[in-house]
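Comments concern the structure below.
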Amino acid sequence: MADLETFRGETRAWLDAQCPSTLRGQDAPVAAVWGGRKWQPAHPDQRVWLERCAERGFTAPTWPKEFGGGGLSKDEAKILAQEMRALRLPPPLLGFGLTMIGPTLLQYGTDDQKREHLPPICRGEIRWCQGYSEPGAGSDLAGLQTRAEDCGDHYLLNGSKIWTSDADQADWIFALVRTDPEAKKQEGITFLLLDMETPGVSVSPIQLISGASPFCETYFENAKALKKDVVFKVNAGWTVAKALLGHERTMVAEAFGSGEGSRATLAERARRYLPGAEAAGPLPDATLRDRIVQVEMDTRSFALTMQRSRDAAKAGQQPGPESSIFKVVGTELNQRRQELLMDIAGPQGLGWEGEGFESDELDLTRSWLRSRGNTIEGGTSEIQRNVIAKRVLGLPD
Amino acid sequence: MELILTEDQELIAKTAADFAAERSPVARVRELRDGRDATGFSRDLWKEMADLGWVGIPFAEAHGGADLGLAELALVLEALGRTLAPEPFLSTVLLGGGALAAQGSAEQQEQWLPGVVSGDKLLALAYQGPESRYDLAVTGATARREGDEWVLDGEKIQVLDGHVADALLVSARSSGSEGETEGISLFLVPKDRAGLEIVRQIRVDHRNAAGVRLSGVRVGADEVLGAIDGAGAILEQVVDRATVGLCAEMLGGMQQAFDLTLEHLKSREQFGEVIGTFQALKHRAADIFIEIELARSVVMAAARAADEGASDLRQLVSLAKVRCGDAYVHVTNEGVQMYGGVGMTDEYDIGFYMKRARAAQLTFGDSSHHRDRWAKLGGY
Amino acid sequence: MADLETFRGETRAWLDAQCPSTLRGQDAPVAAVWGGRKWQPAHPDQRVWLERCAERGFTAPTWPKEFGGGGLSKDEAKILAQEMRALRLPPPLLGFGLTMIGPTLLQYGTDDQKREHLPPICRGEIRWCQGYSEPGAGSDLAGLQTRAEDCGDHYLLNGSKIWTSDADQADWIFALVRTDPEAKKQEGITFLLLDMETPGVSVSPIQLISGASPFCETYFENAKALKKDVVFKVNAGWTVAKALLGHERTMVAEAFGSGEGSRATLAERARRYLPGAEAAGPLPDATLRDRIVQVEMDTRSFALTMQRSRDAAKAGQQPGPESSIFKVVGTELNQRRQELLMDIAGPQGLGWEGEGFESDELDLTRSWLRSRGNTIEGGTSEIQRNVIAKRVLGLPD
Amino acid sequence: MELILTEDQELIAKTAADFAAERSPVARVRELRDGRDATGFSRDLWKEMADLGWVGIPFAEAHGGADLGLAELALVLEALGRTLAPEPFLSTVLLGGGALAAQGSAEQQEQWLPGVVSGDKLLALAYQGPESRYDLAVTGATARREGDEWVLDGEKIQVLDGHVADALLVSARSSGSEGETEGISLFLVPKDRAGLEIVRQIRVDHRNAAGVRLSGVRVGADEVLGAIDGAGAILEQVVDRATVGLCAEMLGGMQQAFDLTLEHLKSREQFGEVIGTFQALKHRAADIFIEIELARSVVMAAARAADEGASDLRQLVSLAKVRCGDAYVHVTNEGVQMYGGVGMTDEYDIGFYMKRARAAQLTFGDSSHHRDRWAKLGGY
């Protein structure tokens, strides 16, 4: 414990000294740092901060030092995060490299792969994207068709991937491809790494109903992938993918989880839009008020359930069955909140752009539309319910 | 009232359905949007619809109309709702034209209605201000007498097709306080009148609307519609009729969204099976079917009640609005969900229906507003 | 038309003259007349009224005269019903004989069967019950197990039937039995008629969650059924059953359909139970008020949909797809109404018997419980939705 | 607060679960009902529960109690809720005992609490009158001072276990008007006091309650609980704690009802398949699972908030009541539906849970009441 407190003191001092003042306070740039070859910092000090943190291993605190990480224990990493929050410092680097492919390579990669890929991730030099879903595949991920033909020392890739977030900004992709078309669906799949600058790789962004989006479609036309870039074993990609996918679902749920700080907002927003609701006291539209209560109550119930799961984890218990509900409950709750916000705003919720709408009203429209995708991406609500019925409740197929 | 179609009505429905499919596919809406078309609909197509007699359906034969009812107009709107046609039926025929037909003097009607029926003139009703929400008695504008004239000031929002209307019918408070039914007057203001500022608004459903600012706009005594201070009840009647029209459009839209979804359920494969075999989706599809069948009945009933002047017309209008609004939103939300990822892309049509559903639900009073109205009319 | 008006006048005069005054007005007995060997009239004049009506064919107005019916046209029967209502006369006779087995025999019975069974039905001498469902069969009606063993001129019946309404009051039963255990499920079933006094037939009533019920379980132990009592053909009982079942579902829907006269009731009941709600004006509990509106609105929507179907039938059109929704919508709507009535009554809705509750409050509790069965009996809501998905929407199995 | 069980708590839960399964199966409730048992629960079993220390959980060690919290008592109630045990925890421990522990004088506590803890004495709280609905400030009774004494008149309904209580704690209006929190007093009335008429009521859930009539009932100054006119706030706190206990019981009931239903889904065959293979039923089962998991979290939170005196206790109580009430009704309605015909028969247990669910939902305020309370506490 004494060691940890020493660590806390040193870390705090280092952070406070090293983080440029331009990145702190009111005027700090809002744009997050994703790194990569195409990255243009919103402010030059973002690069300074990134380099200093990378140098000390603070972009990937728990990774081994030899691969560019900080080699910190879990407790130390927690303290680092606490001190970052306390000082209100921006994260030096975000991205799929740190949260998805990095941990995957640590678990399944060869030493060569770790040495090649992890340090550039830690330094923010290479940005990664994910190539899982395919046009037409939908929830049936294992039915993927992108073909990798064995040509001796390399594979020839043909096919396309959809929902590849920020593929137009990324340098490398980790992708699932079919290496054995004869095998049973999940058994002929391989997990591959590929440089996006490889000839034959192209990207086009996807327009959503809510407008522009980070999603892309990524095409492979006779793109060469080297055999050394296979992760784990050929035709065993499903094992790697499952580990990674579980990780993604947890992240998605966390994103919808807290509802913190939003408690007053619904009622406040109602006061803004309901005639005669400026004063304190009960909102004049009693049924709208009741719907606000329902969303608030369910948000609180969900937050308490997430807390229950975290408390159990902290106490060293196995994750309980309650964790299987996070994705479906979190996303459907967010949709209900968005629908309610639309009903609260009334005609002012109908703006798309320009004249007659406040900018937060225009945001509202877009985020309502965007929220409809929450119950589709990262495993549809239908799939989630299938999984609960089968794995948790033991109902037969 | 009989809830069936006559042979004549069947014919109108069939003609309109064929026209919508051939001349007005959803692709047209997409083109108008992507091309940032200044009008936002097709004047040529509008003229064609007028030539087919649809624009004139509810107007008197003396003005070139067919002197038919909402029951007939609803069939046209249902067919056009299937393909999201943005032509100005609600604004020009039911709101503006409806107010003129109900309360206009012989001269006013003669001046405007033949042009409306022929498809040459467009009208709009500027009835809601920034604070109105769904209360027609909150006008957002004032009218003050000066000699023989009236001077209008105030602001109106989301005036349907206000950006292209040749004249606006403007509600304004001439006496009393906002919120009271008494003391509201209606004025006919030509689009080029001094002090009238009209700015187009871009809505999520790609329908056309405008914000309107009135700054000392002067109108003559001959431009007052009906009795001074007496427009409150008229406004409710006119908007009620337009609401029935909107419900018919919603009925067509939800039916088409469901047809698209069913098609998807029958063709899309997942895990080696057509997804329409999954029982959970089947049951949800059955629920949607139920919603639409109920919606169809209430739309038919509300249109007929309007044509027959039934005593429970207002209840039926509120019933139709709640049923259609909730059903359209439900059907399209489910449609996007069942389409999955592609349903979220702009490339597929289903999203257009979802946007329209929400906008339609929040037009002329949302479900909560109309349930409250139903209870009030029922005395509880 | 002139003929019909003559008929109306004559009928009205006859009805007014023949119906005993004891059966009309405030003090008339409430008990309905089901007839049968065990029937004990609530008032002797019920028997007088039944006999007079049967004599004139008015218990089964549209059946042929030769079988005890009135031989009336549809239009005449409608006028008879109108005049009965106008004079507020009680129906002379009700029951499965008139509504179910009678029409079935008219369609599928032999002349001998019609002659044997229809006249006693018309005269109220024989009361019928239905033996379809079996313990353990549930929605899978065709999986029935009651065995009819061919013994030359008769069958030997073994097995049991459940949900046989009023079997303890009935004289005859029409039942589905398995005559060919080797055939595919629906192909080995026969539709049989059986006297309940046959040795080997016994009955025990079923206690429901709502208390005593008309339902019984009916047991067959080596009960002899004569071959002449097979309706239509051996092993073709499914055809007969389907016709009859369709008829039953329509009846069930009609029973929930009208919602007429109940419009004021929900709000009135709320005024009775909500403190401060005695006066006119908005109900003080706005969310309860909103739920009342929702049930009223849906009731009206349903009534209009039933009207649409009736209007189409009157105009000679085929029944539209909307008729497939009646059972599921009508029953679920009734359940929502019952749940709402419970919420309106609050603590006073919790009575089972005795002290502290009004008798209409006790009825409320029982009918709420009973309503839970509406979505199960006569084809569950799940089966109804399966049918809509398959037959109306064309979704594949 | 931490939302996990300590090892001690795990042990309590396990002991209670075993006890409920072995000593208190649902069959017992059926027997008590069918035998028209005059007590309506088992005094012997109650004594056993007292000997196990459960009755004394929330009481001070000085009175023989364990000085533990609602978190622990909730575990016992959850276990007993699984088998619908009708023993008088709510009435004697949480309502009557709760009021005495919170406000009783040293003499009053000494007189009653040791007997309560040992399982010998039973208490009840008569807090609602015929017009109260869910408002604790409408008492249905009046208290008028006469010399050193108070005279009580009025009527109380559905006093839980009032038919066997050795003493009733009676709320009555001593000043002000019905509906006001100020002016309510609590009185301790022994069951044999003149003017007290107690009649058992038979409820749909086969739980025990009584109607109480007070006709000039005289109580001494030493039978007043706490301050005259000041019992309004206490009443709310006591009923809130009992509500948490009721929620724990509901949690156990819904879990058991779901377990029964799942068992049925896994064993019942239709159309040649186990019905648990049907996707529509699977998804509905998943929804029920979600409801129960959320309910479990809020019950744990509300119990801990009560033990820790958290500032948002009242919100959490209302949250728990709404979540548990709605979930229990939903789970049991679905249970009966999934059981099908047999679920409607008295022979199966699932119907007992449905009846209890509805009664519990309408006890201590229904969902609408508690949503309204949440909004009020949130200032909107």
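To keep things simple, chains are lettered A, B, C and D as they appear, and every chain counts its residues starting from 1.
One rule holds for everything that comes next: a residue touches a chain if its C-beta (ideal position, glycine included) is under 8 Å from a C-beta of that chain, and two chains touch if they have at least 3 such contacts.
Owing to the predicted nature of the structure, the values given are computational and were not obtained by experimental measurement.
Comparing chain pairs A-C and A-D by the number of C-beta pairs in contact, the larger count belongs to A-D. Centroid analysis (C-alpha atoms only) places B farthest from chain D. Distance between chain B and chain D, defined via averaged C-alpha coordinates, is recorded as 53 Å. Between the CA-based centres of chain A and chain C the separation comes to 58 Å, rounded to the whole angstrom. Distance between chain centres (mean CA atoms), chain B to chain C: 44 Å.
Annotation for chain C: residues touching 2 or more other chains are 287, 290, 382, 385.
Residue positions of chain D touching 2 or more other chains: 278-283, 368, 371-372.
If you check the complex, the residues on chain A that touch chain D are 263-264, 267, 270-271, 280-283, 289-290, 292-294, 296-298, 300-302, 304-305, 307-308, 311-312, 315, 317, 321-322, 325, 328-329, 382, 384-386, 388-390, 392-397. Within the complex, the chain B residues that touch chain D are 278-283.
Within the complex formed with chain C, the residues of chain B that make contact are 2-4, 262, 265-266, 274, 276-277, 279, 282-283, 285-287, 289-290, 293-298, 300-301, 315, 319, 322-323, 368, 371-372, 374-376, 378-380.
Listing the residues of chain D that touch chain C in their complex gives 128, 131-135, 138, 157-158, 199-206, 211, 268, 270-271, 278, 280-281, 333, 336-337, 340-347, 351, 354-355, 358-359, 362-363, 366, 368, 371-372.
By the touch rule above, chain C contacts chain A in their complex via residues 286-287, 290.
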